[in-house]
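To start, I am sharing the structure in question, which I have written as structure tokens.
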Amino acid sequence: AMLVASCSSPKEEAAQPRSEFDIGWSIYAGWMPWPYAQQAGIVDKWAKKYDLKINFVQVNDYVESVNQYTAGKLDGVTVANMDALTIPAAGGKDTSAIIVGDYSNGNDGILLKGTDQLSAIKGRDVYLVELSVSHYLLARGLESVNMPLSDVNTINTSDADIAGTFSSPDISAVVAWNPQLSTMAEQPDANLVFSSADIPGEILDLLVVDTATLEANPNLGKALAGIWYETMGIIMEDSEQGQEARAAMAKLAGTTPELFEQQLSTTYLYGKPADAVAATTSPDLITTMTRVRDFSFAQGLFGQGARSADAVGMSFPGGKTLGDEQNITLRFDDTYMQMAADGAL
Amino acid sequence: MRWVNRKVGRTNAFIMGAIPIVLLMIVYLVLAGDRHAINPNDKILPLPSGMVAAMSDLVTQPDRLSGDYLFWSDTLSSLTRLFIGLGISTLSALLVGLVLGVLPPVRATFGPLVTGIAVIPPIALLPILFIAFGLGETAKVALIVIGIAPFMMRDIAAHIAALPREQIIKAQTLGASSWQVMIRVALPQAMPRLIQALRLSLGPAWVFLISAEAIAADSGLGYRIFLVRRYLSMDIIIPYVAWIALLAVAIDLLLTFSSRRMFPWAHGGDR
Amino acid sequence: MSALLSLRNIWVEYGEKVVLENVSLDIEDRSFVSIIGPSGAGKSSLLRVVLGQEVPTRGKILLDDTPLPPECGPDRGVVFQRYSVFSHLSVRKNVMFGLECAQAPFTARLFGARRRAAQEEAEEMLHAVGLGDAMDLYPSEMSGGMQQRLAIAQALIKRPRILLLDEPFGALDPGIRADMHALITRLWHDYALTVIMVTHDINEAFSLGTRVLTLDKRRHDPHAPHRYGATAVYDLPLDRKEKPADLAADAAQSPGGNVDAATASSPSSITIDKDHNN
Amino acid sequence: MRWVNRKVGRTNAFIMGAIPIVLLMIVYLVLAGDRHAINPNDKILPLPSGMVAAMSDLVTQPDRLSGDYLFWSDTLSSLTRLFIGLGISTLSALLVGLVLGVLPPVRATFGPLVTGIAVIPPIALLPILFIAFGLGETAKVALIVIGIAPFMMRDIAAHIAALPREQIIKAQTLGASSWQVMIRVALPQAMPRLIQALRLSLGPAWVFLISAEAIAADSGLGYRIFLVRRYLSMDIIIPYVAWIALLAVAIDLLLTFSSRRMFPWAHGGDR
Amino acid sequence: MSALLSLRNIWVEYGEKVVLENVSLDIEDRSFVSIIGPSGAGKSSLLRVVLGQEVPTRGKILLDDTPLPPECGPDRGVVFQRYSVFSHLSVRKNVMFGLECAQAPFTARLFGARRRAAQEEAEEMLHAVGLGDAMDLYPSEMSGGMQQRLAIAQALIKRPRILLLDEPFGALDPGIRADMHALITRLWHDYALTVIMVTHDINEAFSLGTRVLTLDKRRHDPHAPHRYGATAVYDLPLDRKEKPADLAADAAQSPGGNVDAATASSPSSITIDKDHNN
């Protein structure tokens, strides 16, 4: 009973102004600036400015971090666009994506053993985290060689263990993201046959927050945008300070600076707020999200209630929407990125 | 009448046992109702109607891709793995436990090794396991076996080593050799304990099965739970967990029952 | 020495506590030794040492003039003080166990004709101890006396060279006890057994035994009762054929401690029991 | 001398127990050497030199960011969680086991519930658990408790229920009430068994701790293992696993030893 | 009816097997009932029923004319046939247990002066049963007879209204047995106990008891030995003050079955033991 009772407490009473917030993060190249900012004091600086307290909470398991956010234990979380749609948004949690941090530009990829042709994947057992962006990437990859998903047999594999499993000789096809991807790519007979660099801008890494909380506390959005873009300024520098910052992030991610630089090189960071605003307001985003939601719906990720791909509504800057307008639960919101671009923070 | 002496009849026991379970269910329903009143799409505490809707597809509709009834094929794969794993563990526990329990030199030699293996959390060994066994069914069964067999071996060995010394002496005065002591004195008396150990291992066995299925699988109850965890489909997770509990309780009852049937002498105190 | 079993300066100690102190004995082949003595004197401990279950702290034991290996074997049968039978075997199987072990070294089970033969032998023995009606019970379904008789049957069926009995007839009523006396005497004669029996019944000790041994402490330190152990304070060989009543009475009176208080007050009961037995 | 009767002295036991462990290590070294001969960068079976190099930083160098010696702070966090979890489980197992074991009506009412909880694999509950208890230490400790306490409760309850009926009767004829039977007859006799159950639960407790740390933690032995698993850093994983095994064996020995010291009457058969 | 305890048409059956058949008895307050009978007759079963440990399949039991609750309590003390003491308590604490339960309902432990008093009382009782030297041993370190005496001390210290003894002196040597006879007789007198004692020693039964009861089967079906149960075939009240020797001898001769075979052959031993006891 205690178990059930404690998860019913965080009701939608978040609508009052508050001063303390928890933001979840998990280890991924595009999200490492957040813990770095916390360590470097950037978070405190901006929080103080708006009279807030912001805690960045590490969750080792990515899915768990998103689940925690959906359950209301976290006010915001770092998440990929597809998971933002299928987990909190499909669960009826009104979510705003306020920072579009980067897109994967080779950080996700398909590895095959013994061939460098994607088409050779036909009929193989493919190991991947099912229903994740890897699955989406696989679908897009197969599309590029005119194969339906049913041409391969997918086997769900946990992301932490996928690196270990690939060294087993009976596994010849995997889809994964970094750092596992680069760990596996080191194997002598592994070939990267398709990667997110082939579908630029489709796998986006976001920071999302609860819409009601944001409406009641617009300062939270301002502080987060301030933190992010100040951090971007440091880590994208080629200076010694930038190098040190990247080394610190590498350490936080449990890896070496060299490997981390390699991961960053396949991550397209929107370093300038204006770039991020441009990406968010571009009609390409609507195209991407249409693809993503069609894929998600086809995989049954909207749950039983959903009768069509339109079941979950999304909104974009400029009042554009996609899907059910009565049930908009995922909002791409460029307000705070715009403020950062305008230097209005 | 003192509480120690109150016997409870079968029917009463059934009713009394059901009470707390039913109460828990009611608490759940109230809480779930509350949450749904606020957010009708709430995923965290689904209502029974939602669970039925989510499950009915899995139970009654063949999957578009494979043509399987997913729920049943999941159950079948998991039970197959479970039973193979349990079977191997039980057999090896019996053999090793017997030898360790009866023969002190063997116990001295291999006891520490078994203890060592028993205390190493198999979850931490997963990468090594995959390399050794690949990713197929072998690895899953192996995880179950590595997870529970050492525990069972230790339990059986300890039980046998604790048999009254007089029994072993007695058997020897009746002409029994080490081997005969093992098969005629230790083995039969280890059997009820083996069933008991098996019952206690059921929980961990499921844990390891689910962990294995969470790591790499394309069917199975654990696979489904971890798959749908990706989008927080509690309407599938909760029925699956309940189903696992039901299966486990059924196996548990079956084991208790067969122990009573097969080894009545070991249950004299129960009447 | 022609003794079957020789104990040479045996000491048994549990930590600080000395239980047996310097016991030396020679036991002849085919003798029937009764051991009496107060409760806690160390009678069971002595049997355990002879059995090989316990290793004496000092001293050595010779069987046929060779040192006794520190383990027990089928040459020495035993009935323990607390009836110890196999609770997982039925009465019949408990008795068959010894036969099966001897005849089937590998499976320890008999089949076909040999099984039937063993079963018959077991049943005959069970009839002899009065358990003919209880063949299929498990020990937990039997009374104390029935379990004790089962233990006796189990040991007797092996006809061991040396039979060690620790208060074997304590839980039996006089009728069955008399039957058991007759049975054990017959087997002792027929199979040339050597019997060592602990008993509290002095009549029984004298009527069955060819030799009565009294175990008690010779010295007693009231401030440290564990300092001194017991030893054979009185060792009386009896000639079966013509055991004189007054000698038996003498014997019963001589040992020190508690034993003599009791026996002294009922001397004639020994005489009576002697009658009863011949 | 028959094997059943061969006693093994302390020193011999130590040497004999070490043999298979040393042999296993040698096998590992040979295999690792082979692999490194083919691929000097092999990550899967690292050589001891590689492990020492990888570990020395963690053990002897303070972390630049936090100033902690990572290996030691990991050990501390994990042990803290483990001990809290074990403590709560032991205490609740004792209380619940005692009440269930001694009082038949309570057993009838709550026995099925405890069985039900015991057989539900806690891993399947992970999604629910973290949502219920959040990401703090509570959830990790709760996973350990949910994972092992029901098992221990059942074990203690079964042990107490199997105490000879005569003892309970005897205590009552000496004037003991239900409560007095519980604290003076059942409790002390349950204590050695409790320690035994705790020993058997150590393995599962580590499994649950590591699973919990794998999902949500920022320090701990399990956290580190899962962190570096992404990079297949077996040179860190293997020493960590060995360290866990060492800790577990040490706890096991400590428990055995204290049981012998505190409850000599329960170990009479062992001398 | 002025009887303390009345058994009315008691039947005890285990499955098919009838153990006690239609037993009816009235037991007077302050009487000392000895029960004898062949092994397996159901003597222990009868005690278990009176104790409240087992519920008879038919019939009822009245204590002070009210039905006996089907549980045991401190009004009825017991010494079981297989000595059952608490193996986790030392000898002294085993005996103190009863006192502690009575005086400290909540903690079941005594402290300070009351503890010392209880300890003294326990030690006195232990000296009386001859365990003065063994206060700090655990039961597993004691001999069979010592454990039996411990069980007796444990039961006696509570001075229960009804004391049930199942072959209490079976494992004791004659000296200690005589001491125990004296002890039990004294306590029975001084504390107005009612005693029911099962024994195999007919002398003991007659010398201690005020009434001797023989339990045996009246009928026996050789093809289905479990068909008929035992009942009180002979019930002999003895006048303590002037129990005539020949009456006792008569009594021993009359019951059917095995018992009489044994007793008939040693009539004079009864006479002797009577001497010994007064």
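Read from first to last, the chains carry the letters A, B, C, D and E; within each, the first residue is number 1.
Keep in mind that, in the parts below, contacts are C-beta pairs under 8 Å (C-beta built on N, C-alpha and C of every residue); 3 or more make two chains touch, one makes a residue touch a chain.
Since we're looking at a predicted model, the values are computed, not measured.
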{"item": "Shortest chain-hopping distance from chain D out to chain E", "value": "1"}
{"item": "Other chains in touch with both chain A and chain E", "value": "B, D"}
{"item": "Contact pairs, highest-scoring chain pair", "value": "B-D"}
{"item": "Inter-centroid spacing, chain B versus chain A (mean Cα positions, whole Å)", "value": "38"}
{"item": "Distance between chain centroids, defined by C-alpha means - chain B, chain C (Å)", "value": "49"}
{"item": "Interchain centroid distance [CA atoms averaged], chain C/chain E, Å", "value": "27"}
{"item": "For chain A, residues contacting two or more additional chains", "value": "4, 7, 67, 71, 161, 164, 167"}
{"item": "Multi-chain contact residues (two or more partners), chain B", "value": "2, 5, 24, 44, 127, 131, 164-165, 172, 177, 214, 229, 232"}
{"item": "Sequence positions of chain C contacting 2 or more other chains", "value": "71, 82, 141"}
{"item": "Touch relationships between chains, expressed as pairs", "value": "A-B, A-D, B-C, B-D, B-E, C-D, C-E, D-E"}
{"item": "Contact footprint of chain B on chain A as seen in their complex", "value": "1, 4-5, 7-8, 11-12, 63, 67, 70-71, 83, 86-87, 90-93, 127, 129-132, 150, 153-158, 161, 164-165, 167-171, 301, 303-305"}
{"item": "Of all residues in chain B, those that touch chain A in their complex", "value": "24, 27-28, 31, 34-35, 38-45, 50, 53-54, 57, 65, 126-127, 130-131, 134-136, 214-218, 223, 226-227, 229-233, 235"}
{"item": "Footprint of chain C on chain B - complex, ascending", "value": "164-167, 169-177, 179-180, 183-185, 188-189, 263-266, 268"}
{"item": "Complex interface listing, chain E residues touching chain B", "value": "69-71"}
{"item": "Complex contact set, residues of chain D against chain B", "value": "2-8, 12-13, 16-21, 24, 44, 102-113, 115-116, 118-128, 131, 147, 150-151, 154-155, 158, 162, 164-165, 168, 172, 177-178, 181, 196, 200, 202-204, 206-207, 209-211, 214, 222, 225, 229, 232, 234, 237, 240-241, 244-245, 248-249, 252, 269"}
